[in-house]
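Every chain is named by a letter (A, B, C and D) in the order it is written, and numbering of its residues begins at 1.
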Amino acid sequence: MSLTLCAAQAIVSATLAEARARSAKPLAVIVLDAGAHPIAFAREDGATMFRHDIARAKAVGALGMGDDTRVLAERAKGNPAFFQSVSVAVGGNIAFSPGGVLIRHDGAVIGAVGVSGDTGDCDEECAFAGIRAAGFNLETDK
Amino acid sequence: MSLTLCAAQAIVSATLAEARARSAKPLAVIVLDAGAHPIAFAREDGATMFRHDIARAKAVGALGMGDDTRVLAERAKGNPAFFQSVSVAVGGNIAFSPGGVLIRHDGAVIGAVGVSGDTGDCDEECAFAGIRAAGFNLETDK
Amino acid sequence: MSLTLCAAQAIVSATLAEARARSAKPLAVIVLDAGAHPIAFAREDGATMFRHDIARAKAVGALGMGDDTRVLAERAKGNPAFFQSVSVAVGGNIAFSPGGVLIRHDGAVIGAVGVSGDTGDCDEECAFAGIRAAGFNLETDK
Amino acid sequence: MSLTLCAAQAIVSATLAEARARSAKPLAVIVLDAGAHPIAFAREDGATMFRHDIARAKAVGALGMGDDTRVLAERAKGNPAFFQSVSVAVGGNIAFSPGGVLIRHDGAVIGAVGVSGDTGDCDEECAFAGIRAAGFNLETDK
């Protein structure tokens, strides 16, 4: 199953609805397909210009390594030299902060969401809400 | 006046509605602010992966040169060596085909739309429809 | 259906077998998944060092634009300014010569082969042979 | 003596056979010639997309510095600022984790293997098995 534009837009809308419910800082949210190519993106009014690039780096990084960026951020703390070299090796397509979350369907990774703008924890909670609202399960829902 | 996410999403929706009314090939559409940073993006199901990069290059190129890409494409035909050097000098942030259209308000450029997927002419017509539907005037509407 | 390593290696082997049957110059052949990420690659003894990059650019370009590079090469002749700008916009991930061929299964694109080393026509014939030998149909087999 | 495609493919096959014998996570393995240009590559089903880039960065880094990446990773821990600057200076063509292993013949470096997908230790053991199976000695076999 591939991720449709309709599903990706539902994720974007629900992610931003969660952000407003939490009074989060202005966010950017991107949804990528399994090959890390963009399907949908939105940047809220007032979100600064790097938010697109950071949201995308979170989502691409999660897909590239096969783990949510929360896990990658933890691993990077224990092995900074390696993960810094990975960051350069992949052309900056990774960001070590929560908010890059894999989208799974029937056990297969079909895409990823990246959120940036508030704390990593808040960004991730908004991504979780977006993914769940679009009808996909999270790893932690198992 | 700066372009809001709400206006950018209205442009995206109306651009894609026009594409479906025309039975265009699957499109990608991006809306950038005046500084060429992304506000909203959508890629229709079946649109190939370069469509994002080409749509963005059209929109950035229009902002970077101050003209719609239809005009830039015409100028590039008459002076290919110069425009090829521009293409490299700006890191690929330009594409010489119609479909990159400036968004104006009270005479000021406040952003740009980039569309890719069908012919340049069709891409541009969809962008025009999107911009008009969101309440902005086109140069040609003067 | 996603392309397996087993199928990709079958394509590589049969592509190179065809090259030897034709006494082609030493070739490089790459197989990419639908997201343009490498699955398998081989460079024959004597193939020069750019063959990897050119084979990959053919395969990525075919996926990115949704057409075999034979078609793209024809279109580029008629609109050089646009396709040169695309080449830069996509970071060199396209090459305008036959030999980049989409792999289809049940009508969906599941990957691409890129071949470089001999003439574009010969490169393409070897790619065709590789794809057919692995049990996939070509567009022209319809 | 230069590394042949036949030898490189033997290394790839034996590296992946070792990975399966160890029940390693899905791996990517690349073999480069002495000039760091790819000869052979394979990515197992389920290996994530960065595995190619990391495997290649390990192999290029080993060649570029003249040491297996296990040694480089140790050195990077003791002098992070320098090795981070190297990572950027060489365009990301290095990765500080075991699994990048030089291939030697009669005392000369004739290429390198890069493996990524499991722990660095496991990646390196698979690379060792691949190199030995193809008839080359390891530094540690002296």
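Everything below uses one rule, namely that a residue touches a chain if its C-beta (ideal position, glycine included) is under 8 Å from a C-beta of that chain, and two chains touch if they have at least 3 such contacts.
From a predicted model like this one, the values you see are computed outputs, not experimental measurements.
In terms of C-beta pairs in contact, the better-connected of the chain pairs A-D and A-B is A-D. Between subunit B and subunit D, the centres computed from C-alpha atoms are 44 Å apart.
Inter-chain centre distance (subunit A to subunit B, centres taken as mean C-alpha positions): 26 Å. Averaged C-alpha coordinates give centres for subunit A and subunit D that are 30 Å from one another.
Each of residues 49 in subunit D touches at least two other chains. The touch graph of the protein chains shown belongs to none of the named shapes. Subunit D contributes residues 2, 4-5, 8-9, 30, 35, 37-45, 49, 52 to its touches with subunit C in the complex. In the complex of the two chains, the subunit D residues touching subunit A come out as 48-50, 53-54, 56-57, 61, 73, 76-77, 80, 83-84, 87-88, 91-97, 120.
Put simply, subunit C touches subunit B in their complex at residues 35-36, 63-66, 79-82, 84-86, 88-91, 94. The residues of subunit C lying in touch with subunit A in their complex are 33-37.
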